[in-house]
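In what comes next, chain A is part of two complexes: it sits with chain B in the first one and with chain C in the second one.
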Partner chain A sequence: MRRKSFADRIRTCAVWSLLMFLVLPALVAIPVSLTPKRFLSFPSSELSLRHFETLINSSQWISSFFQSATIAGATALLSTIFGTLCAVGLWRVSSKMGETVRAFLLLPLIIPQIISAMAFYHLWIPLGILDSYPGLILAHTILATPMVLITVSASLANFDPKLEQASRNLGASTMTTLWMVILPSIKPGVWAGALFAFILSWDEIVVTLFISRFSVYTLPRRMWNGIRENTDPTVASAAVVLIVLTALAFVSYELIIRKRQRSA
Partner chain B sequence: MILPFLAVIAGFYIYPIANVLWLSVVEPEPGLGNYAALFDTESLRRIILTTIRICVVTTFFSVLFGYTIAYAMVHMDQRKQNLMLALVLVSFWISILVRTFSWLMLLGHNGLLNNGLQAIGVINEPIAFVRNELGVLIGMIHYMIPYAVLPLLVNMRNLDMRVMRASQNLGATGTQTFLRVYLPMTIPGIVASTILVFILSLGFYVTPAILGGGKVLMIAEYISVQILITLKWGTAAMLATLMLFGVLGMLYVMSRFMKLSAVFGGGR
Partner chain C sequence: MTLPDTGDLSIKNVTKTFGSTTAVDHVNLEVQRGEFLTLLGPSGSGKTTLLMMIAGFEDASSGDIALDGASILNVPAEKRNFGMVFQGYALFPHMTVRRNISYPLDVRKRPKSEIESRVEEMLALVQLEGFGDRLPKQLSGGQQQRVALARALCFAPPVLLLDEPLGALDKKLRIEVQAQLKAIHDRVGTTFLYVTHDQEEALSMSDRIVIMRDGKIEQVGTPNELYEKPRTVFAADFLGKSNFLERSEATYALRPEKIDVAPSGDLQCAVSVTGKIQTISYFGAVQKLMVMLDDGKCLEVDVDIWRNRNAFSVGQVVDLGWTDDAVTKLEG
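This part shows the complex of A and B:
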C-alpha cells in the first residue's frame, strides 16, 4: 500500500464534499418545516411543530395522501403483474426478435415524460378517463412496467433454465411452473420491481399535471402547487414526511437486495 | 405472456404518440408550417437554443462530477464504497419535488445562502440565484449526478486493473497511466452517461419550471403552456417530434458503444 499523497487527500476531500452536495440540500426542508412563523422561513430562536399539525389536520393534504397511495398501490400491483409476465416471456425466447421486443417495451422509460404526458392527455380526452383514477393508474402503469421488467430480468439472469425444463418434464403446466418454480426464486427482483413501480407513481408529477384536474389531486400535485405559491410552510412539513418515507423505502430496498444476494 | 402488456403499450401509448407526431403536420393546417416556423419565429429559436445550452452545461458538469465520484468509489475499500453508493442512491430516491423545494429555500431571495452571506458581510444585496439560468443549472446538475454516476460505475467495475499495474511497471507516472490507459478505457462509460444525462435533461420539466420561475423557458415547459393554456397542439407536437427523434438518434449512437440494458439496469 503506498502512502497517501497530498493530492490524494485533496481528491478524497473533493469527493466527499460532492457526495454531501448530493444529499444535504434536500435536508433543508427540515429546519424550514420547524419554523414558528406563518410564512416560509428559517426558524431563528424557537422551533415549532405547528405546520405538522396543520398538515395532519388538513383534509386536503390527507385526501391527497390517500389518493396517491391508492394510485401508487394499484400501479405497483398492475405493473408488477405485467412486468413479471413480460420478463419471464422474454427470458424464455431470448432471441434477436426478443431483444427488439424488449427495446419496444422499454420505450415508456426512454421517451421524455413530457411527450408521454401529451400522448396520454390526447387519448384520455376522447376515452373520457381524464381526471379519473383509471386514467391515472393506466398511465402510471404504462410508465412503471419497464422498471419491473428490468429488475425481474436481472433476477432471472441468475435463474437456472434447467429447473424450468425439469418442472416441465415432470408434467407441470406453464402456469404451475411459473407459480411454483420460477416465481419463488425471482421473488426479490419482483419485490424490488414493485417497490420501484410504487415510488415512480407516488412521485410522478409531469404526466399527472396533464391528466388530472380537480377530482383527482395527488400528493405531488399538491406539493407542486404549494411550491409554486411559495408561501405556506405546510409544504415543508409535507416534504419532511416524504423524506422520512423515502428513507424507510430505501432501507426496505436494501433489505430486499441483501436477501437477493444471500439467495443468489 | 408478453402479449397483454404489448397490447396495452401499443394501444394506449404508441398509438397516441403516433397521433401527436401526426398532429405536427396537420394542425392547424396540413403542411410543414409548424416546422417552417422554426426558421422565422425568433422566440421558438430562443427556446430551443436555451434548452440545448442548459442541457450541454448540465451534462458537462454532471458527467465531470459523476466521473470524480465513480472513480473515487472504485478505488475505495468495500465498506466506504457501500457508504458512497448509499449516499448516491439516497439522493437518487428523494423526490424531485422535495429537492427542488429545498433548492428554492437555499438559493431564494431570502434563502439560507443569501442570508448567510449577508450576515457575515460578504454581500450587501441578495444575489439572484433563482429565477435565472444559474438556479436551473444548479438544480439540474444536482438531479443528474446520480444518473451520470451509475453507468460510469458499471463500466469502471468491469475494467481489468492489471492493465494499470502493467502501465506503471513499464515506468509510466500516475498521471500518464490515468490519461493514456484508464481514461480511454472508460470512454464507453463516459459516452453512455453523457447521452443518458443529455436525454433526461432535454425533456426536463420540474426543475426549470420552478427554479427558472418563468424566466428560463425550456422546451418541455413551453410544450405544456402550448397545450394546457394556449391550446396550440401543432407547435407543441412539432417540438415533441424534434425532441423524440433527437432522443432516439442519441440512443442509437449509445447502443453502438454499450449494451443499453447495462445502463438502464441501474446501479446493481
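This part shows the complex of A and C:
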C-alpha cells in the first residue's frame, strides 16, 4: 500500500472537518440535555437525566409528540396518495401540457415557506380550519406532495412503459394496472416520498406557527416556545429523542433498501 | 387443425398521422382467421404503428379496423382481447412465471381451478413445465420469450399480435424459436399477426407476407409468390437479394442464384453474357461472385461451392446465363 502523503492527510482532515461541521451543531443537544441545571447550559461537573424525566412525565410534551405524529402520519398518507397519483398521471400523459402542470405542482416547494404560511393563514380563516388538525394536515400535505411527486417520478423514469401496455393488452383496467403492475415497480420511490413527507411535516415550524394557536400544539412549536420563553433544557432532551428516532428511521430504511437490492 | 370460428381482421383504409408525418397511409388489408400473416418492412415503414392501432394503443386518424365484421375502433385496448407479445417481452418482473401467465385470467376473475389447469396447459405448450415458480430474470432470453407467448395465448385470444418478438435473441436461437412458434401456431390455430424487419423470419413462418414501405403496402402474397414474382424494385430488393436489369425501357429482377456461371465458352443458355470476376465472398455453402459485365455493370451471382469446387478465381473471365423464366418484369 502506498504511504499517505501530506496532501492526502490534509484532504482527509478537510473531509472530516466538513462532515463534523454538518453534524456537530445537531449533536450539541446531547450534552445540553444532560445538564443538571435548570436552564440551557453545558454540564460542568456531573451529568443528569432529570430533563428526560421531565419530558417523559410532562403531559404537554407527550401530547405534542402524539399530535405531531398524528399530523405527520396523516400528511405522509395523503401526500403519498396525491403525489403518486399525480406522478403516474403526468407520466401517462407525458405531453408539453403535462410538463407545465408538473412545474405548477412543484410550486409549493419553490415558494418561500413564509409566503405559503401567510397564504394558508388568510385562506384557513374563512374556511374555519385555522388552529385545527384538518388545517395543519392540509397545509402540510400541500407542502409535502411535491416531494412525493419528485421521488415517484424518478422511479417512473426507470419504469418500462411496455409493462403498462402489456397489462392493458391482457385485459386489466387502468386501476388494476396501477395496483398490480405500476405500484409494485415504483415502490421504492413511493416509500421514499412517504418518508420525506413525514419528515417535512414532523419538523415543520414556519407554517405551523402561523396557522396553529391553542388547540393544536406540535412538537416543533413546543420546542420553539421552550427556547424562546423559558430556556428549559427539556427542549434539548426532546431534541435528542427526535435525533435518535430519525436516525433509527433512516437506518432501518437503508437496511430495507439494501436487503431488497441484494435479493433483487 | 380445424378452422377457428373467430379471428378475421379487416383493416379498411386506415391512416395514421403524427403531426405532418404520415406513418400509415390508407392501408387496406384482410387478415383471415387462423392465418400467420407477417408485416415486413424496414423501420419507419409503419408496420409497428399499424400493429399498435390494432392493439388499441394508438388511435387511427381515419379508416376502420374490424374483427369478424364488427368495428373495434371504439373498444379500449383492455377490452379488445388481443394477445400481444412485445419486443423485449414486457414480462412483469415482480411476478413469477405462473403469475405472469395467469394474469389475463386473474383480471378476468376466472375460477381458481380453471386458472390453475389453464396455466399448466400453457406451460406445457411452451415447454416450460417446472419453471412456474421462477422469476422472469431467472430465465434465459428464449425462455422469457416463451413465457410472453404463453401469457398472450392463455386467454385464447382471437388474434395474437407479435411485435418483433425474436429481436433480442441470437441468430441460432432465433431459427430454433421460429420453428417452435410455427408449430405453436399450427396447434392453437389462432390468427397470428407478426411484425418484423427480418426477411428470413418472414419467409420461414408466414402463410402470407405484407411488405410495407413508407406507410403503404408494397405487395401482399405468399412467401413463394413474393420471392418469385416481386412486383417492384423495393419488394425484390427487400425480400432476398436481386440484380436489376434494364432491357428496352423496363426493369427486370434476377435472383443471384438463378444465374448460371461457367468458365468462358462453356455455357449454353438462352441469354448469355461475358464478364470478369471482381470479388468472391465466401459463405460456407455458397460463394457470392461479383461479375463485371462488358458494359461496366456488375451482377451478383450465387454459386454452390461444393458443386463448383475450385472453379472460379478473381480476375477470371466467365460466361453468365439465365433462362427467360428466371427474370421478373417489375412495375415502374
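The rule is short, and it goes like this: the second predicted complex is superposed on the first by the 241 of 264 C-alpha atoms of A that agree within 3 Å, B and C clash if a C-alpha of one lies under 4 Å from a C-alpha of the other, contacts with A are read in each partner's own complex, and residues count from 1 in each chain.
Note that a residue touches a chain if its C-beta (ideal position, glycine included) is under 8 Å from a C-beta of that chain, and two chains touch if they have at least 3 such contacts.
From a predicted model like this one, the values you see are computed outputs, not experimental measurements.
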item: Contacts of A:181 with chain B and chain C, given as first, second, both or neither; value: second
item: Partner chain in contact with A:223 - chain B first, chain C second, else both or neither; value: first
item: Touching partner for A:29 - first (chain B), second (chain C), both, neither; value: first
item: Which of chain B and chain C A:15 touches, first, second, both or neither; value: first
item: First, second, both or neither for A:162, with chain B first and chain C second; value: second
item: Which of chain B and chain C A:173 touches, first, second, both or neither; value: second
item: Which partner reaches more residues of chain A (counting touched residues only), chain B or chain C; value: B
item: On chain A, positions contacted by chain B and by chain C; value: none
item: Chain B contact footprint on chain A (complex, rising order); value: 11-12, 14-15, 18-19, 21-23, 25-29, 32, 40-42, 82-83, 85-86, 88-90, 92, 101-123, 138, 141-142, 145, 150, 153-154, 199, 203, 205-206, 209-210, 220, 223-224, 227-228, 230, 235-236, 239, 242-243, 246-247, 249-250, 254, 257
item: Interface residues, chain C side, partner chain A - complex; value: 55-57, 76-84, 86-88, 90-94, 103-104, 107-108, 151-152, 155
item: Chain C-touching residues of chain A, taken from the complex the two chains share; value: 160, 162-163, 165-174, 176, 180-181, 184-185
item: Parts of chain B lying in touch with chain A, wherever the complex brings them together; value: 1-2, 4-6, 8-9, 12-17, 19-20, 23, 65, 68-69, 72, 84, 86-91, 93-106, 110, 112, 115, 142, 145-146, 199-200, 202-203, 205-206, 210, 219-220, 223-224, 227-228, 233, 236-237, 240, 243-244, 247, 251, 260-261, 264-266, 268
